[in-house]
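Structure below; questions to follow.
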Amino acid sequence: MKTLTLQEVAKHNTKDDLWIVIHGKVYDLTNFLPEHPGGPRIILKYAGQDATDAFDPIHPPDIIDRYLSAEACMGEINEEELEATEKVETEEQKQTRIAHENKPNLDEMLNSFDFEGVAKSVLKPEAWAYYSSGADDEITLRENHNAFHRLWLKPRVMVDVEKVDMSTSMLGTKTSMPLYITATALGKLGHPDGEKVLTLASAEQDIIQMIPTLASCSFNELIGARAQNQTQWFQLYVNKDRAITEKLVRHAEASGVKGLFITVDAPQLGRREKDMRQKYSADDPEQLVESKAKVTRSQGAARAISTFIDPSLNWNDVKWFRSITKMPILLKGVQTAEDAVLAARHGCQGVVLSNHGGRQLDFAPSGIEILPEVMEALKAEGLDKNFEVYVDGGIRRGTDIFKAIALGAKGVGIGRPALYAMSSYGVDGVVKLVQLLKDELEMVMRLMGTPTVADIKPEMIDLRNIKSHVGSIPSDNLALSVYDSMRTRIGGPKL
Amino acid sequence: MKTLTLQEVAKHNTKDDLWIVIHGKVYDLTNFLPEHPGGPRIILKYAGQDATDAFDPIHPPDIIDRYLSAEACMGEINEEELEATEKVETEEQKQTRIAHENKPNLDEMLNSFDFEGVAKSVLKPEAWAYYSSGADDEITLRENHNAFHRLWLKPRVMVDVEKVDMSTSMLGTKTSMPLYITATALGKLGHPDGEKVLTLASAEQDIIQMIPTLASCSFNELIGARAQNQTQWFQLYVNKDRAITEKLVRHAEASGVKGLFITVDAPQLGRREKDMRQKYSADDPEQLVESKAKVTRSQGAARAISTFIDPSLNWNDVKWFRSITKMPILLKGVQTAEDAVLAARHGCQGVVLSNHGGRQLDFAPSGIEILPEVMEALKAEGLDKNFEVYVDGGIRRGTDIFKAIALGAKGVGIGRPALYAMSSYGVDGVVKLVQLLKDELEMVMRLMGTPTVADIKPEMIDLRNIKSHVGSIPSDNLALSVYDSMRTRIGGPKL
Amino acid sequence: MKTLTLQEVAKHNTKDDLWIVIHGKVYDLTNFLPEHPGGPRIILKYAGQDATDAFDPIHPPDIIDRYLSAEACMGEINEEELEATEKVETEEQKQTRIAHENKPNLDEMLNSFDFEGVAKSVLKPEAWAYYSSGADDEITLRENHNAFHRLWLKPRVMVDVEKVDMSTSMLGTKTSMPLYITATALGKLGHPDGEKVLTLASAEQDIIQMIPTLASCSFNELIGARAQNQTQWFQLYVNKDRAITEKLVRHAEASGVKGLFITVDAPQLGRREKDMRQKYSADDPEQLVESKAKVTRSQGAARAISTFIDPSLNWNDVKWFRSITKMPILLKGVQTAEDAVLAARHGCQGVVLSNHGGRQLDFAPSGIEILPEVMEALKAEGLDKNFEVYVDGGIRRGTDIFKAIALGAKGVGIGRPALYAMSSYGVDGVVKLVQLLKDELEMVMRLMGTPTVADIKPEMIDLRNIKSHVGSIPSDNLALSVYDSMRTRIGGPKL
Amino acid sequence: MKTLTLQEVAKHNTKDDLWIVIHGKVYDLTNFLPEHPGGPRIILKYAGQDATDAFDPIHPPDIIDRYLSAEACMGEINEEELEATEKVETEEQKQTRIAHENKPNLDEMLNSFDFEGVAKSVLKPEAWAYYSSGADDEITLRENHNAFHRLWLKPRVMVDVEKVDMSTSMLGTKTSMPLYITATALGKLGHPDGEKVLTLASAEQDIIQMIPTLASCSFNELIGARAQNQTQWFQLYVNKDRAITEKLVRHAEASGVKGLFITVDAPQLGRREKDMRQKYSADDPEQLVESKAKVTRSQGAARAISTFIDPSLNWNDVKWFRSITKMPILLKGVQTAEDAVLAARHGCQGVVLSNHGGRQLDFAPSGIEILPEVMEALKAEGLDKNFEVYVDGGIRRGTDIFKAIALGAKGVGIGRPALYAMSSYGVDGVVKLVQLLKDELEMVMRLMGTPTVADIKPEMIDLRNIKSHVGSIPSDNLALSVYDSMRTRIGGPKL
């Protein structure tokens, strides 16, 4: 392979002659530019430069081989030169490094929200935007946790709770608590080791990890990091090309994966405006300024990576999946009792009640809200045996886990909290997060009078208000603005 | 016609001798002053000066001929002199120009609210006040969008949604989506080309435009701007003088208008305090200061233009309308199931459930709130066939459109969002707004499992909370002011 | 009578030798000091000085003669000296004068809240505290208006509303609208002419005034100010000494008063903490500093004036009232359907559903909330004929009046809004306030399709949420503090 | 005993050789360090120093004898030297002293919230954190008072309320009002005299005090401070070692205690994050900085003192308690109707509906919320005679007391308000607090038409909304941020 200098590459920096360096190799992307799923803008930003740092968190390691022909590779950069260059720290990298150096001690993290606060301060803006964003007005995003606030507990006292055992089993695997880490994309945006961090922490805490299709680490890396006896599941985005999907599924099963979770709530990836907004402000190379209004804009990290997903997926496909794997098949993203019943009828082993973390459809209900009606419908049809119902979305406290279990869930998944802990403190952070949730759940089980998971019952939840989506009523601004609010003699500000 | 100089005109600047220049012609308004529907104050402000810029956005071009006798015209200004004079940019014009030059790029607009923010920054204060204001405390104004927040979705999965088709037909016209641009007054306050901007953008996006009676452009201009195959409807304020009304209706039909929408919620135009407040602060000529408390004040742009509307309009009039036109007749502003049924019984082709954008009666319900009971009442009476129900008010998102269609609406109208897009970016802005709404609606239809408009069903909406007007409860200020709210270790401010 | 100098009086300035000047007369209050219903503190503040300005707004003009023996009067001040002295403007008077000079023009007042804002800026702090305060946490105070926000309208269209007539009759009196000015105490705190201002404005607007027992003007002054054909009612606090009460009632009837409203919600006057707090900060004479913790503190203006009220008043007393007057007897402050029925059974002509403007019992319901159940109970017992039900509390808009009438009230009373208008602009202010309410009510009647008061029906109100006292739920501060709220590209602040 | 100098002690300041001075005695805590229930960190902070001030408020006076062997005492400090040393005022003590000197006069306290504001300003941060904190997100903590806000009153008028008698009896004791001071731990954090302050104030106001197991004063001190005829109850945490418990119970009965309240809602003490956070920031000795992430952190004052509590306590234990005492036995911390019924069936004399002041389990319901269903269940089972139901949590106003009594409670307990009053003003403060609550309750009883406690009935409460836990709905930030809120002409800020 031809050896090139960075100086040489730098000359090819227009959209009609566009070279880029990735992992030391030089690619001519002139022809590829208009086809880039993430839009041309982001590539133009790195025209004539090394784009490795921007490339890595978004793309699986093997993607170049899959998308570019061999001829696109123009040569490689002399390794020595590359290393010398890479040593220069950009202003952005410096900011991130300083934020990381100054973050609080790990043992100051008292709850999952603490990790979110730290993550916001240490993540690069585009990573924060990608992780934290939701669909449209983010009503569902916030509703996911808020819905738990409409559920109240009915604690029983005078029960011997000296020993509390929160272990359970999910799809036949014993696990230390009814919680798993769910699949989330682009882990390397938050941590250089990507989703492997979650694998290691899950092993350490004896909980299950669900491997994402859109991991930044390759599937094999995550399988390779698995500890002995550790259980992994696999989340699948179904490809328009079913041969690719079949290969993935068979490979997963062969690799010892214990459950297949097919995502059904994302025939098209959602509009996440924070992510879209971030895209705009971040990637604004000067050579584009004059033609601003014309360039087709990328629509954020989310949509850049999802063009392969098959929107024609339907109930008839379940049979085919059944034919290619013996793994339990579960549908992830079911949002009605009707579809849960259909899933059972089509021979699935379970569903995840989920709205994709509020990232897809605003005003989709939270999983916890529909859980009671799902359980009731399954029971009414006699389909609740050997069918496991999971919930993800909005789990932040031990009480949230308890409520989901009480209402019939076999377990719950956490996504963002794990990403935030990972981004802030790596493996130790995720371990600490899970420990905190265990502490909280143990406390709740003790105070509820339920020494084991089996003791947790639906009648312990007051779910009267579960459907009450009220609030957000227009305020009476004139009256409020002239009202002189009461104040204590010494105290906080006037309200 | 006599030629006059501006210097000469300037001498007639008292209420007892008052000349004004409009479009180069000089009028003696001394006698007209007390009769001006907009009040004398605004005329006095321009006494002895050229009032064209203030006159244009409020008045239809042909109004002077209709209201003033020929003798009131005292002559005309030398064209050369006028042009020289007009070249001077006022401070206000300068501010508006700068705001327009510095506004964000059009492709940074991600949703309808973005346009509203830009419009607020580029519009003249009186235009913003006129467009954005509502009745009384603006409870209904805000409720219109908020009401959609009490409606939640029940998304169905595993449906083939590869192709999504959002086209439909309204009053027999095929249209690209179930959305039209509704009638709004005084378009030139926001854009020099007025409502013609909306005509052009509607054509480009293949949606229907409803032409307003109180357009700043003349009816013929808007008809003239129509593209081939473009459909227009006509909104009618019924004049006390029915001959005028008849002329308008017959002319509209002859001009190819496809539907007549009679406004029935405005026998008197509403009190809009922001508009009234703006009026006061803006129009305060020095010669009036000493007699402040005495002058009858104008009550804002809205009421200035509406004195001709007939408050005696009633059900008996429908027959007469039927007799003068073959266009479908719809009542715009129906707010109860009872009146929707009456409309059908009186032979109307449909209704628009609307509260006039919250501009008329505070605590009138939103159209979306009453839609289910309207559909139920029509069905109960067997009147739902060949009767089309539309909704306007508060439509801001694709989910809003979806919800209205699901609950039985044939289509929805947008008013302010189009005005804001028009005021900010002209035709391109309105086109972009409609594209965004199409993007959103397509996404919602795909994620709801409804590939066509016909697939959208009432059972997909959870409308349990539609009637819940709670909130606004007095807060416990003493307790809140001493409560020390929790904070994450790093994060936002104390709440 | 002996003539004294101010210098001489100034020597008697300790609690053991305490003289004070009121209206030019010198009183020795040494013995009276501990018995002062308003507490000794306020008297000590003026020890040895002229206390007329502080005395006037709190005390009826004839009170000294009733409470002090003739011997307490030590003489009078030379008139010339007094006048000279009075010319000096205190800092407080200066502030008030300036505030009044700089207040907005009257015609900038667009609604009742505008008057409240102005009143807050022009009133002396103790006057604002007395007028604006309510019981405990002021939940009921604010609920009174908020309750109307839970009532929504069902407007009817296509009704001939060319002519709108809002006149009605109350207790047999024709009046221009179903609104009266209710009884409120201490008018001179807000305006030097006290409640006479309200008499004059009521006459001008052809509405009824209710004369308060605790007026700062004497009863005869208010009767004397009455215009021909003007109707006045009388509000009665029942005295422990029934002879006094009888005298008052007989005198009222003889003076042409047309209705007797017996206050039944104030056996003890409420704790109003703003008023109590103000008392403390305002009245802190230096000579008391050293013994701060010991002095019994006055409990605000309210309780200072109310010690005579009889807490033993009960149903048996109605008969006696019946025996001493032919005026219609109504109970003011009824708060349950049960008591409304009892009032009718005991021969009263009506009730006012009222919680004393939220000044007595926090968490008492608003009058409008209980109105429907009151009407239903009266009807169920066949007691609704010849029995008039009024509502006061929280009336601020024309829609409020409409809602009360629709639900069965014969009329509504306003208290604070009239005080605020009076305090800000005197008679003109109150006239303007009533005009605004007429404008609003006329608009509402027109837009509701109800040309006369008789057309206003219960079914025009959606009262589904009338009993929904929810809200005030603890917020999720951790989640809120890390949530990054969405923002438009240009717009308001982050929320 | 050997006499040592402080200089000598100062040398033993590492974790491998650690001496500390408490009350003049020197202890070698090297071996005890890892076993300290409060964690090693706090001990390390005082290594080589006098720790008396930190020790006192957390530990009962006799604890050292119980936990340390005699050999651990290395000698004593020369008294003279100690006194000299103690005279130096630390910065923290200085701040506290100044805050106390500048606090408002006691008679400026108008309600219980005022005391809370003052306490926040005068307490040391760790004391404020300990007293004010609650479990998890403090939803239940705040809900406790908020729940009362969903209960509205139905006041009856025309009742003779000249004399109001609020006295009642609880467990056979006559008391001046249906209120007692409940058990709270660590009183010396707030006041040097600890819970004795509450004993003295209770005597003065003729109300009952419940003595806590975890008092900073010894049990005997609190019994010793009892006035003649004063009634005390005893709150019991059941020890894992039942012999200790038996000794405590028998001693209490012998000491004249009139009721035994066994805490059943705390098998493990709650996670109180404010308290945990405070711990971290306060106790950060420099020698620990380098190993920050490793040291096991203390979990706040609460958990430090509670390791002895027996989590295996269950219904079978009631019989044993019955066998060792003749005192009435009540369970404190019952939270469901089912458990109240069980308590009655197991022969208890009553229950306290309580969630431990919101300090244990977040989303536990408030006592007042479950009171109606508890009373109903007891009645349904015929168990409501001779069984007394109490409520604590969130009592801040006279209306709160009234509501609890009306719904069936025999009395209510206050905890934090008494601590805040005690911390701010000692005995006088607590007396004033109780007086204010008496003033408020008397007012409420008068205005409700209930001259005696026996007149207070369930039908006087509108409890329709008692179960409405709604609110906290995601806000529509985009719409809110562009909405231009209405303002009065003069008034408060834009909202």
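Observations, loosely collected:
Should a chain be cited, it is by its letter among A, B, C and D, assigned in written order, with residues numbered from 1 in that chain.
Note that in this section contacts are C-beta pairs under 8 Å (C-beta built on N, C-alpha and C of every residue); 3 or more make two chains touch, one makes a residue touch a chain.
Listed by chain with UniProt protein names: A, B, C, D = L-lactate dehydrogenase (cytochrome).
What you see is a predicted model, and the numbers here were worked out from it, not measured in a lab.
Within the contact network of the assembly, the step distance from subunit B to subunit C comes to 1. For the copy pair subunit A and subunit B, the superposing rotation over Cα atoms measures out at 90 degrees to the nearest 5. If each chain is reduced to the centroid of its CA atoms, subunit C and subunit D end up 42 Å from each other.
Here the spacing of subunit A and subunit C, counted between their Cα centres, is 59 Å. Residue positions 108, 110-111, 113, 116-117, 120, 137-139, 142, 146, 149, 273, 277, 468-473, 475-478, 481-483, 486, 488-489, 491-492 of subunit A each touch two or more of the other chains. By the touch rule above, subunit A contacts subunit B in their complex via residues 103-104, 108-111, 113-114, 116-118, 120-121, 136-137, 139, 264-265, 267-268, 270-271, 273, 276-277, 280, 292-293, 295, 297, 310-315, 317-318, 331, 333-336, 338-339, 342, 355, 360-365, 467-478, 485-488, 491-495. Residue ranges on subunit D touching subunit C, taken from their complex, read 105-108, 110-111, 137-139, 141-143, 146, 149-162, 397, 399, 439-440, 443-444, 446-448, 462, 464-465, 468-472, 475, 477-478, 480-483, 488-492.
In the complex of the two chains, the subunit D residues touching subunit B come out as 111, 113, 116-117, 120, 128, 132, 137-138, 142, 145-146, 149, 273-274, 277, 396, 470-471, 473, 476, 478-479, 481-484, 486, 489.
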